[in-house]
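Two complexes come next, and they have one chain in common, chain A, joined by chain B in the first and chain C in the second.
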Partner chain A sequence: MGKLFDPALIIEYAPLILSRLPVTLLIVFWAIVGGSVLGTLLALARIHKVPFLNGAAVFFISFVRGTPILIQMFIVYYGLPLLLMYFGINITRWAKLNFVLVSYALNNAAFLAEIIRSAILSVPASQSEAAWSVGLSASQTFRRIILPQAFRTAFPAFGARVINAMQDTALAFTLGILDILGQAQAIGIRTYHTLEGYVVTAIIFIVASLLMEHTFAFIERRRLAR
Partner chain B sequence: MISVKNVHKTFGKNEVLKGVDIDVKRGEVVVILGPSGSGKTTLLRCINFLEKADEGELNIGDISVHFRHATRQEILRVRRRTAMVFQSYNLFNNKNAIENVMEGLVTARKIPKGEAYETAKKELDKVGLSDKYNAWPSQLSGGQQQRVAIARAVALNPDVILFDEPTSALDPELVGEVLSVMKSVAREGITMLVVTHEMSFARDIADRVIFMDEGAIVEEGLPRDIFTRPKERRTKQFLDRILLKDEYVKDDYAI
Partner chain C sequence: MTFDASYIWPSLIAALQCLHVTLILSFVSFCVGLLLGTPVAVSRKFHATWTSYALGVLIPILKGVPLVLYVLMFNFAILKPLDALSEYYAWADGLRRMDKIYIGLVAMSVSATVMISETMRSALSSVSEGQYEACFSVGLTKWQALRRVVLPQAMVFAAPVLCNNIISLIKGSSIVFVVGIMDVLNSAKTSAQINYRFLEAYIASALVYWVICATVGRIGWFLEKRQARGVAKAGGA
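Up next is the complex of A and B:
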């Protein structure tokens, strides 16, 4: 069986595991894009206290924040097909990855909704009044004046959420997704060398997190400094 | 040109406007004076629908709306015929000086960008900010910000510009530059409805002065009549208080 921990295997496994990085990044990408769109809608429902939707948003956000993402993923995986069946939509043949993308988007929507909501509320009402006074409509005011200023406020927290979202992807392998962790797991089962693969994924996570962190900090300094 | 009739507004139990009528002719400069809490600012905000009046009518050009029943479309039409200069400037923080002036032209009035840029440049030049086109609001002094705000209002070529205490938030040494810009706007023949505590502006520039107290108009007339021989006791008391303060200030500086 050889050594329990063979550093040479780290080098050997690295390319195999790294080749699955696009899957991890794909999950992060759709989690953030889907989460931002849905999160903005949730934030608007809460800010404008839209009947029913406001209550639904509050419930959804506290549900997501109060349960582990693993459970959310299982609920989506087993529950969503049943739910959509009622509406005559059959998704039982969906790829597993789609369920992962949906769960991570929903999860991030809840966190991003709160970030977006507080950022929107931090823009003074006088900015809207000025926009209305020059004849902008409500939606023009939101898109051209409020959202850009809210984005600036939200940016640091948004960056932190992206990095969190990447680390959260580490549970996707439980549905059998071959992302970097899924690949490390698969190698471990095949070769009985589990630890080496995990070391590789740890290194990938750290490097990717640092890269993102520095990129966000750079953007903040360069583009958003006023 | 612009008239409001019978404006009523209540905040909770507090009746702020108790049936105000104002009629402003084209090109006229009307100054509203009055102690704080007299409803002057609320009146301006009602005209622009930043507050929803409970009662009353608004006529501006050919538009005629009832304050309480105005639809979203009507409110937008009124706002596209008026402009407002705020006490705390309210420049768009995500836009530089020239973009602040262009925003209403491009987004609300659908004027092509190039044309709007030329208009904005011209208006910023007129308020003496030809070297500040690309400055962010945070890089400008209060007086400069307010001048951008005036350029933003004038560029829209509105039927009336509403000035809500435009110099009240400024450091004393910056009041002069804003007042002189307002004077040149008045000289261009732009219709102005101004709430201010600047007596010199009211005396020298206004065509008419309206004195408000406790949510109603107490008296109105030519500035020289109001200032030299007010008919109402409340007007006289207010002017004495304000002018006395001005005298004190002058005396202080005279030494």
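Up next is the complex of A and C:
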């Protein structure tokens, strides 16, 4: 083994590791998109106290918030094929990345549901009443009056969630996904220079978090300020 | 292979045997984080010396690194130099068998310090400036004002958030299996290696984490309610 830490290798490995950045961003994208859709449904089930669904949502949110995402990922990986087998769907040949996407979307759905729920509840009831009085239907009221106002309230927490989701993707390598950290590990196994790869990964995470943080702060200041 | 709930029980026993490791990792790093993070927050708030500016640059950078990277990097950075030393002095592989929990503790403490310093900073800024002015007007020094008036008030605001931080640390501690520390998750997983009942093992460890986190979350909920009552009693802060 040569030197413990060779700074020159950081520059050599950077393009290799950066080439896997799309995988990380793909996970974040689907986690947030899937999480937002499912999270809104969960939030609505809780707000309207839909029988059974409300209880299921409380149970699901509590479970997701109370257990590590690492374990959720493995439960989805081992459990989802078994569950879908009951319905006659065979997904044992699915790529591993799909399981990661499903588990990250489910995880973010629980966190986003709480953010969306408190944001929707923060919109005064008089807004819905005013919308109904001018003849809007329930779904129109929700889509055009409540959701835009709730979005404004939820935005800072939503931004923090996106950054958290991105940092959580660092765990996907434990399932063998070649994201940026997985690539750093692979390089480490091949060349015995692990630390340099980790440094590159850390720099990518730092830059991405700072970029996102400042972008969200900028949008909040510019677009959402009244 | 089908799901068989009866396999959860042995994994649960195995997981509970390593419960103390998870608790030590999360609570010790929480205490370190509170002890180091509070001065960091205070220093950043008052722009005391050049260190405050250095911390102002450093903390947002350190915040961007996921916990798993801290664990992996510290594992490497602490063990590898010792490897070279042990080879030189022929210490055999004594260091190889060193309890890796110390590496987990160092990594998690760094992460906790960064996290808690942000919590304490927002708690400090929730105490109004008038409190300092009132303290100075009755002749308290800056340090006295901070210790006797501002920090106790900030702690009330911080308490529910600190509970959330503990939950994050408990959940985050599950990642230490990547360097081979035997915590709740790793122990449950190892117990499944004889029969390949991994799903049952993961569910068993999830139950353990769920119970601990729900308990801490309940305490946080209680503190939040009490804080809301206190603010209402004070006529709205």
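The criterion applied here is as follows: the second predicted complex is superposed on the first by the 226 of 226 C-alpha atoms of A that agree within 3 Å, B and C clash if a C-alpha of one lies under 4 Å from a C-alpha of the other, contacts with A are read in each partner's own complex, and residues count from 1 in each chain.
The working rule: a residue touches a chain if its C-beta (ideal position, glycine included) is under 8 Å from a C-beta of that chain, and two chains touch if they have at least 3 such contacts.
Everything quoted here is computed from the prediction, not taken from an experiment.
**Student:** Clash or fit: chain B against chain C, after overlaying the two structures on chain A?
**Tutor:** Partners fit side by side after overlay.
**Student:** Angle chain B-chain A-chain C between C-alpha centres, in steps of 10 degrees?
**Tutor:** The vertex angle at chain A equals 110 degrees.
**Student:** In the superposed arrangement, does A:I206 touch chain B (first), chain C (second), both or neither?
**Tutor:** Second partner only.
**Student:** Quick one: is A:A130 in contact with chain B, with chain C, with both, or with neither? Answer first, second, both or neither.
**Tutor:** After superposing on A, A:A130 lies in contact with chain B but is clear of chain C.
**Student:** Of the two partners chain B and chain C, indicate the one touching more residues belonging to chain A.
**Tutor:** The larger set of chain A residues in touch belongs to C.
**Student:** Determine, under the contact definition given at the top, whether A:Y198 touches first (chain B), second (chain C), both, or neither.
**Tutor:** Touch status of A:Y198: second partner only.
**Student:** In the superposed arrangement, does A:N98 touch chain B (first), chain C (second), both or neither?
**Tutor:** The answer is neither, since A:N98 touches no partner chain.
**Student:** Name the contact category of A:N54: first (chain B only), second (chain C only), both, or neither.
**Tutor:** A:N54 contacts neither chain B nor chain C.
**Student:** In the overlaid three-chain picture, find the nearest pair of C-alpha atoms across chain B and chain C and give that distance in Å.
**Tutor:** 23
**Student:** Would you pull the chain B residues touching chain A in the complex into a rising list?
**Tutor:** Against chain A, chain B makes touches at 48-50, 72, 76, 79-80, 82-84, 86, 88, 90-94, 103-104, 107-109, 136, 138, 152-153, 156.
**Student:** Show me the residue ranges of chain A that touch chain C in the complex, using the header's touch definition.
**Tutor:** 4, 62-63, 65-72, 74-75, 78-79, 82, 167-168, 170-171, 174, 181, 194-195, 198-199, 201-202, 205-210, 213
**Student:** Which bits of chain A are touching chain B when the two form their complex?
**Tutor:** 126-127, 129-138, 140, 144-145, 148-149, 152, 226
**Student:** Which chain C residues qualify as touching chain A in the complex?
**Tutor:** Residues 1-3, 60-61, 63-66, 68-69, 72-73, 76-77, 80-81, 84, 167, 171-172, 174-175, 178, 185, 198-199, 202-203, 205-206, 209-211, 213-214, 217.
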